Each structure stands twice: as structure tokens, then as C-alpha cells.
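In the two complexes below, chain A is the common chain; its partner is chain B in one and chain C in the other.
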Partner chain A sequence: MNTFIDEVKATPGGENVLACIQCGMCSGSCPMANQMEYAPRQLIAMIRADLKDEVLSSNSMWYCLSCYLCTARCPKGVKPTDLAHALESLATQQGYRTRGNNNPEMYRAFVGSIKSNGRVHEFGMMMKYYLSTNPFAALKVAAVGLQMFIHSRLPLKATKVKNRGDIPAIIKKFKEVRSK
Partner chain B sequence: MKYYTYFPGCSSESTALGMSISLEAIAGPLDMKLAEMEDWTCCGSTPYGSLDEMESLVIAARNLALAEKIGLDMVTPCSSCYVTLNKANHHLKEHPQLMAQVNEALAVAKMQYKGSVKVRHIVDVLYTDIKPESIAAKVKQKLAGLKVAAYSGCQLVRPDYGFDHVEFPDKLDELVRCLGAEAVNFPLKSRCCGSSLSISETDKVLGLMEKLFANAAENGAQCFTTPCPLCQTNLDAYQSLVNAKFGTHYNLPVFFISQLIGVALGMDEKSLGLDKNIVSPRPVLRQLSEVKSGT
Partner chain C sequence: MEPRIGVYVCHCGSNIAGTVECAEVSKYAQSLPGVKVARDYKFMCSDPGQEMIKKDIREMGLNRVVVASCSPTMHEPTFRRACQDAGLNPYFFEMANIREHCSWVTEDHKDATEKAKALVSAAAYRVYYHQPLEKREVEINPNTLIVGGGIAGIQAALKIADSGHKVFLVEREPSIGGHMAQLDKTFPTLDCSACILTPKMTLVGSHPNITLLTYSEVEQVGGYVGNFHVKVRKKARYIDWNKCTGCGRCTEICPTKVPNLFEEKLGERRAVYKHFAQAVPNRVVIDAETCRHIQGLKQGKDLCRLCQKGIEKKGIVGCETGAIDFNQKDEIVELEVGAIIVATGFNLFDASRIYQYGYGRYDNVLTSLEFERMINSAGPTGGHVKLKNGNEPEAIALIHCVGSRDEKYHAYCSRVCCMYSMKFAHLLKEHTHAAVYEFYIDIRSFGKGYEEFYNRMLNEGTVFIRGKPAEITDVAEKPEEKGKLVVQFEDTLAGKQRRIPVDMVILGCGLEPQVDTNDVGRMFNISRSADGFFLEKHPKLDPVATMTDGIFIAGCCQSPKDIPDTVAQASAAAAEALSLIDRGKVEVEAATAVIDAKLCSGCRLCESVCPYTAITFDTAKKVCQVNAALCKGCGACVGGCTADAISLNHYTNEQILAQMEGALA
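This part shows the complex of A and B:
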């Protein structure tokens, strides 16, 4: 049977998890570490202790900003940023739900927009996201949205790519090939 | 004239309209031909890889395949597209078996990716190919006296595609200086603005922006410049929220580097999309023209 470490290593971005020497450079560099249930160094230790449920249901990786500061500084080439995305991806694929972080819903709205238009329609994506989480949260940032709208930066109409039908076809085929 | 395949990225059509408008305006005068790829889609960006790391490679690869057919360097002005496309490109080249699977999938749309595309950032092109000294030679209105915080942000320099120092980059500063402006000391120049978590976890990232404003302001900056669509949107559109939360009074315009270059080339507000900026750049620009006319 595959261990959790094997799953992580087989996901793009998770390859180098065993190289970690637990120095803590990643946690010390991360601008969001104080928001996470487990800071990056601890999360890596938990992966290696095979604490799959705890890791994949945590909010830690969902706070990653992709600033790559940990990756630039890691002395062992672990690439904790890519590892965070690998964990997000595993959590999503395996149906883990995280507590107290809205990022997964926003990412779903974002990817949904790509799948239907070929490109991200930012206005549609944001509306979908706020309706699916907390419409009242939208009120707090309404002033930002309004300014963006007034300055023509949130067009209501989506650009649809001509051959956007390619995308579902390519994805479908890729899934078939991968499961062979 | 230098020729490139241009990958604008989704934000170029909406939140970063000022970026695409200004880039188009300065390309000709700087002898760049940016030919937009036909039928490009989103690169996938961080969200796609976060929900499905494998599938995101195919989304990026479709765009790489389209660029490969043209054969020129693929240039994007978006830092997130730059990282996403580079990451997929490197990963596929390092994993030939995966590349073969991706190609089997692309074949349903009669596409193929061999792995030959070079993905570059527009700042790299401006610095390396066009060069600060030839930009300087074309400057019509020197931005003398303008104090700018040159904000590279994260993904122009990290993880590391070899363009500039990963923590203390200086090439954006050089582009600012070649326009006659002053690039102020700005130690946080490559620290994160909060990225797209400004949408999903707004309250938790406003503090990151506040640090950037504070650091720029204490070093005398009158404005920011950045190449990154998300950095520009966060610092520009969320500045009022930062002020409300922290009781501050920042009023710092955030120029795209292409807008700032355009101003120095003597172009007008409208053709540089400066009317799309939320924190108005007019007071700063007015001061420039007063210096010039000696009033």
C-alpha cells in the first residue's frame, strides 16, 4: 500500500519532501506562518510522521501566497511552495475539507471560469466566489469592487476563447491517459 | 526591431487594463513587436495547480504548444503567468514520460509540445534586449525629481528563473533610473503584497500591504512602480482599505513600469491607461511638468 509520503512524492511539487532537515528557514520566512494551524516546517514533519488526515484537513497550505521566499531560502531544495500546492491538490482530489479558510472556494470559482471561458473572467469569478461563501463579506470589499468597476477594470462580459472546446476535450483525454 | 510572441494573461483584459494599454503604446517606440498569440487561454495560475497539480500542466502546455508553433520567445507581462508557464515548462522537460502523456492529450486538439519554448518576462526583455541605455536615449520628458519605490514583487524574481537576485533585485530599479527618476531605497521590494488572498482572506493580508506602504513612504517614495498585475491591483485598489484598517493616510499612486516608461517617452495619460489607476497619478505627474517648465 502507498504511504502518504509516497503520495506526496508522486505529486508534482512534492518530490523533495524527504530532503528536509527541519531547520525552520521556511517557517521563519513565511509571511503567513502565523495564520497557519501548522507552520511549514511542522507540516513537513507531520507528512513524514504519516499524519495524513491532520495534514490534508489543515488550513496551512491554503494560506500559501506563492511568494516563494521559503523556496528561495531553503538550503536543501525542498521547494515548500510547490509542496504546499501539491498538498492542496491532494486534499482537493481526496475530498478533504479545510476549516476556516476561504481560499479553496475562491480557487474553485477561478478554475470554473477557466473551464467555461478558457480565460478567467474576474468579475464573474468574484461574484461566484462571494455568493458561494459569504455574500456579506462582499460588502466589506464593495468599495474596492466599485472603484475597480468605475475604472473599467472589471468588465461584466467574459472574453470567450474561440477554441475553448479544446480544453474539456484535452482534459478528458489526459485523464484517460493517466489512468491507463 | 525585435520580435516576440506575446502572452498577455487574463488580467490584461480586466484588472490590469492599464498594463496592456501602456505596453502596447510603448512597444513600437522601443522597437519591440509583441505579436499576441491567437487563442491563448489562462495559464492556470496558482489556483489550477492547487486544485489539480497534474491537470494544470496540460492547461499550461496547451499555451506552450501554441507558442512553439510560432517559434519566438514567449513573453508575458504577468508575473504569475511567467512562473506558472516556466514551472510547467521545466517540469515537463524533466519528466519525459509526463510530457508524452500531455502530448497524447494535446493531440485531440491537433497540438503537440516538444519543449523548445523560452518563457520570458517583459521586464527581462526591457532590461536585457531593449536595454536601459537605449530607453534612456528615447526619453522625451525626464522624470527628474520623481522618487519611486521599484516594487519587483515576488514572482518576477522567485522561485528563480535566473533574471535577477531572488531577494534584492535591482533591474527594475535600473529601468526606473534610466527614465531620470530616483529609485529610492526599498528593502521590502520583493516581499509579498498578499497575492490573490486579497479576495479570499482580505483582512489577513492587508497588514502585508501596510508594511510595503510604510517601507516605501519612510524612504521618501512618492509612488510605486511594479510590473505585476496582482501587485498593482492590491496596492492600488486596496490602499483605501489599508488606510481604514490601520488609520494611515497613504496616497501613493502605483504605476505599471510600462506606464512610467510611457510617461517618460512623452505619451499622454489616456494612451497609457493612466485613467484606470485608482489612486490618481495626476498630482505626481503635475509636479513633474511643473519642474520641467520651471514653475
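This part shows the complex of A and C:
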């Protein structure tokens, strides 16, 4: 791998980045474009300009809502939504941090919960997430959590699926397929 | 005479040699029965390559030649000629296609080489049984058929007719003129379209060498280069065109109003109508689908007929020349022509397919052709740019690339939308006080004087915004957007998502193939390229010929193009047709069918399957015979014959079985 473009192209979701004609259909359609540091079209231009650090430490891909409007409308089949997820993946793997963005911790807590239980245990997952980010922020959602607990929607003890031992094999297989 | 075969394997530069081991193939060929010499060479089609074959024929006494190279459509004539030059009958030549069939379809060297060997072997086995044949010459009919009366058809017809040859011009609509007749001004010179087109239309209408068949469609095409037989359906027009003077009185009396397609449905016409004011021929037709009387006749009722009778109470008289004839029927006209030019034009992209642009949902979103009619002083609004509510627009958005450069619709660039959209910007500045926003991805002003036109538009104050609009909406986010159409887009050069409220949006719709391109293509035996348009023989060096000899294409049926390019291409097609006609004679394939009278049972099945009417029945001998001048060597009769009495020269059972044996050897 020599350039950032090659790296993006080799990541699932980033394959079509060279097909972009910079028409702006994605950025024009994006409901989050005004919140992003770089709207989708500009992000693609920056990838092609080899501005790796700026792209991977930006907030743009993390703000993607996966509404797929850009993908539905893109005239060249670039699939900007998939590209955003590819960039998230690259940024996380390579240790890029975006200020004020806790999404990677949320993803880790989610996957961790699935690894140990075979399904999501909300209480455990959220505890892990707040402990790895800002424990005080948990107070903000405490009221909601309490209500859910009262209505038996937030069990303290995780329920686990049968044949949990197969999960590592599934994850291994996924990593294998993905690395191809 | 014992066959002495020479096999020549071409590298085609690296086209073949890059994948196929040519030396190995040639070495293998040496082991095949009857092969006296096998060589491989960089370019067999070059002079030294051909010379190599000729030298071997002369010096080694070769009497069969196989060249393994490209497609026979490319170089079979070249090598046949080389054989002939060296004194060998050209039908002792056989070609193996190891480029399109081997090297271009795989990257696997081993597979490609193996297949090349099999094809060379098949060709060598086959050529062993070849027989000498003589080509025949047939006379060329000097008449030309032109299909489509747009600017391409008109131009080609005039060029050919002026040279003294007869032309039949067939047009589906009641008048010639095509899409160009609908346009207002033409870029970049801003000549009025009608002013430059109508003189040509009139010339076509009055030219002694042009037979004009409007309101007609080609139904059937038979024959071959130099001798086509064409059936044309002249649709019933319910008007005797010999009596009609085109005065238009009937079109004022007729009470049935229907949307006017020439005006892109912005206006209305009557059931009896003239296509447009300057129609050539200047005649009216009755639209059977909507005419009250004709529809009434189907139920046995005698309705309306006001165009014929007039309205007595008001003292209005009907048609004074007695031209109206409700009993008219479709008529089939049979034509004999030597060359055919297909110029069937294009269809405008259906903008309602792009939901987010709101065409068909919002009143003031127009297509480009609708706007052409609106801005035209002879059009339904008299040239006034008006909103649906009658007001003049204050802000107008022009959107490029609608349906073009988009994988979901058409991947190609339609080539005219940038320029006509900029022309609209100019006309809007001229006719209104509105602010004009031009939304583009790339401005493609490639032609003569086009970039200058772009510069002029920039200076006239049109706002150019680089960015493909994401959507047109009537949902207001701010007070100033109330009651407006809002264009949402990214200004890609400023890097900002923006919204601009406008009153009218004009969509720069692309050009696409006519809806019936497939049927027309099948009828004239013209292939289509991936974009759906008709395929030319060679994109650069043979741009108006098709794979069917004697049939040429011109204008937008071949690809989207502007008027200058269409006219140039139409003139080129006329030159091709004339060059063919003036040869006087054409060589036809010697590969024709022959019937063995001893085996023929006289069942006449072959006669019924022959598409070229080349087979006749000899009533005295009770057997069928092939007229070699008409036979195209298609082989239909061979397959049809139940007695196995017919064989096709150059495709005999012996030759084909040997070819299969060779392929499997």
C-alpha cells in the first residue's frame, strides 16, 4: 500500500472512491452536511488529495446517519454511506481520534457485549461505555434507565444465548472474509 | 490436385501475442494434415505479411491458405485479395479468429493458446475441402431511401437529390422538420431555427428528385445492398392531399380539442390539424383516435362531420375543395432502392423518472423542449415566459445533466444540454427581468464558437453554480421560500450546502434512443451499442456505415449530437450512398445455395422459408431452383429441406464436418 487512496480502496465500502465526478449531489442531499467538518464530496476530494490525517481525524464520517440518500442519488455509484463507514473503520484501527466523538467506544461496548453474551445486554453495555468515556454523563440518562428498570426493560443480569462457544468462530470467519 | 496448405499466425502486435503463444501455435499447425508451411509474424495484414503469403503461394505451390488473426469482418477481404493477387482463387482462403475469440477474452495464456490451436486446426481441416467459387456482380438500383425527415434526413435527401438521383424520404409525422422545427434559436450563433430550417424543408417539398412520404412508416425491408425492397405504410390521413390546399379552415371548425404534441402539450390542437404552421407538405390530417366522426363510425353512428359540412346556423362553410374523405384506408407503397439512410433521431429523456426534481409534480418545472416551445414566438404563449398562474418569473433555475452522466439513467453525456441551457440563459435575459441560475457539473463547450458563447453568458450576468442540485422542493424553511420552488444543492466551489428559491425550473433533459429503436434496428439489421443508439461500423474511420452493406446512419439515432454535427454526418451519409450508387455494380457473395434436382421432392418448403424470394418452382420439372443473383447465402433453405437436396456453397456438409473434426482433433 502506497497512498491513502489505495488504503481506502482496499477497505470494504471504499472501492468506488475514484469514480466520483465531484458533482456535489451527496453533499447537497446530506441532512448532516452543515454539521460536518467536510461534507461528503469534499471528503472524497481530500482522500484523493492524500490528506490522510485531516480526513481520518475529522468528524465527518462519524456524523453520517446512514440515511443512504447520497447513495440512492449518486450518479456514479460511489456509495458515500459505505465510504463513511470504511473511513470510521480505518480511523479506529489506526488510532485516529476525533475530539468529542465517543462512537468508537460505543461500538466497542456493543461488540464486547455480543462477544460475551451472544446478544446485547443493555445495562452492561452502557455501564462499560460510560466507564470508558465520561462516567458522569451517565447521570443524564439515569432517569430513563430507572423508568426502564421499573418496567422490567433493563435486566441487571445478562441473558445469554445457547452455544455461546460458537461466537468466536463466527467472528474469526468474518475477519477472514473481510481481509480477503 | 492434392491440397498444400499454408498457415499464418498473426501476433497483431501484442494484441494476440500478449496472451497466445504464437510460435507454439504455428509449430503445432505444421503437424496438421496437408500443411506444408506454418509461420508466425507480427502483423499479417501489413504489406510484408501479405507478401509472405504471396511468396509462399508462388514458390512453394501452396493451394490453400489459413490466416489465424482477427475477425473475418476486419481482414477477410484483405487476405482473400492477397490470395487472388498470387493467382489463387480467393475461396481457397480460411480465417481463424484467435483475437476476439482467444486473446481478448481471457488472460490465461495456456487456455488461450490451446483454443487458438483448436481454431487453427478447425480452419486447416476445413480449408482442405474448399472449392473455387466465382463472385458475381449485380446492378445497383440508383434510388435511395431515407428514413426520418428531421434535419439529418432533409440534409441527406437534398444532397443526393441535387446530384440527380432519386430519393424517397419517409417521415412518421404529417410534416418533415423533426425536433429542429420545435426549437426556437440555435446555439451559439442564435439563428432562428425555423428561419434556417424551413427553406430546406420547402426545397425538399418541391424537389423533382424527392418523393416525400410523410405520415408513413417503413414496415418491411428485404433484399440486399444495391437491391432493397421496402414496404412503406402510408397511414390514412382522411384527407385527399391532392385536393387539400392547407388553408386550415377545417382546423378552425373542428370541435374536438386535444393536447398538441408538437407544442409539447403546452397548447391544444384539433382532431383535424396541421402539424405546425410551416408544415411541409402544407396539408392537414385527421387524427382517427380522436375524431368524433371516425370513432362514431365504429359504432355505426354518423356524428359531427362539421369540417365537411360547416356550421349552417353560423353561416360557416366546410371544406370547399371537398378534400375530406372519411373512407380513406392505409395504403402500402412498395419501393425498390439501392441504398438506405436511417436518420430516425432521438427521444427526450423522461424527466419524471427523477422523482426529486419534481417534474410532473410541480407546475413550473419544465423540460427543455417545453421551454423551447414557450419561448418561441409562434408557440402556445406567443413567446412570453409565464408561470402557470400567468405571472412572470423573478428567478429561474436551469439544471444540466438531467438523465445524462448518471449510471441510473444514461451514463453518457448528451453533448447538447450545456449549450442549450446557456442559450436559455441568454433568451431569459432577453425576454424577462428574472435572475438566472445555471447549475452545472462541468461546462462542455467543445464546438466552434461555443467557449466564446460561454464567456458571453458569464458576462451577461447569469449566475453559474457548480453543483448538481439534490432536489427541488416546495417545502419552505424560511419566509422568503414561501410559495416558491426551492433548489437545494451544494455549491461545490464554495463548499457550502445552499438553498435558492426560484419560480421556475428548466430541466436540461438528455437525449436517448427512440422508443422503437429495437424494432427499427431489427428491420434494417442495424446493431445497437451499449448506450442503446445505433452502432456504426467503425467509431472513427467508418462513422456512418453499418455492419449491413448499403445501410447508413446519420444524426441522433447514432449518438446525441448538435445540429452542426448532425448536418455534417448527414452529408457524409449522402456521400456514402452516392459513392455506392455511382459504382453501378456491386459484388455479391459467391456462397449461394444450390439444389440437387435429383434429390428435390418438389415440396416447396424452401420456397416458403427463403427471405429473399430467391427460390422458384419449376412447374415442368416439378423441382425448385435457386436464383443465384437473389440468393444471399443465409442457409434457411438448407435447414428447411427435408430431402437434404440443398447445399450451400462454401458451407457444405463436408466442410463443416471437417471443421468440427479439426476443432476436436
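Note that in this section the second predicted complex is superposed on the first by the 167 of 180 C-alpha atoms of A that agree within 3 Å, B and C clash if a C-alpha of one lies under 4 Å from a C-alpha of the other, contacts with A are read in each partner's own complex, and residues count from 1 in each chain.
FYI, a contact is a pair of C-beta atoms (placed from the backbone, for glycine too) under 8 Å apart; a residue touches a chain by one contact, two chains touch by 3 or more.
Just so it is clear, the model here is predicted, and its values are computed rather than measured.
Novice: With the two complexes superposed on chain A, say which partner A:R153 touches: chain B (first), chain C (second), both, or neither.
Specialist: First partner only.
Novice: Identify the partner contact of A:A39: answer first if only chain B is touched, second if only chain C is, both if each is, neither if none is.
Specialist: A:A39 sits against chain C, while chain B stays out of touch.
Novice: Between chain B and chain C, whom does A:C23 touch in the aligned arrangement: first, second, both, or neither?
Specialist: In the superposition, A:C23 contacts chain C only.
Novice: For A:V161, select first, second, both or neither according to whether it touches chain B, chain C, the two together, or no partner.
Specialist: Touch partner of A:V161: chain B, not chain C.
Novice: Please work out whether A:K76 is in contact with chain B alone, chain C alone, both, or neither, and reply first, second, both or neither.
Specialist: So A:K76 only meets chain C here.
Novice: Give one of first, second, both or neither to describe whether A:S132 is in contact with chain B, with chain C, with both, or with none.
Specialist: neither
Novice: In this superposed model, does chain C or chain B come into contact with more residues of chain A?
Specialist: Ranking chain B and chain C by residues of chain A touched puts B first.
Novice: Need the overlap of the two footprints on chain A, from chain B and from chain C, as residue ranges.
Specialist: 69
Novice: Where on chain A does chain B make contact in their complex?
Specialist: Going through chain A, the ones touching chain B are 11-13, 31-32, 35, 63, 65-69, 71-72, 79, 81-82, 85-86, 88-89, 92-93, 101-108, 110-111, 113-114, 118-123, 126, 129, 133, 137, 140-141, 143-144, 147-148, 151-155, 159, 161-164, 166-167, 169-175, 177-178.
Novice: Using the touch rule from the top, collect the residues of chain C that touch chain A in their complex.
Specialist: 356, 401, 405-408, 441-442, 466-471, 488-492, 495, 497
Novice: Can you list the chain A residues touching chain C in their complex?
Specialist: Contact set of chain A toward chain C: 21-30, 33-34, 39, 41-42, 69, 73, 75-77.
Novice: Can you list the chain B residues touching chain A in their complex?
Specialist: Answer in residue numbers: 10-11, 13-17, 38-42, 44-55, 57-59, 62, 80, 83, 87, 91, 101-102, 104-109, 111, 154-155, 158-160, 166-167, 191-192, 194-197, 199-202, 204-205, 208, 233, 237-238, 240-241, 275-278.
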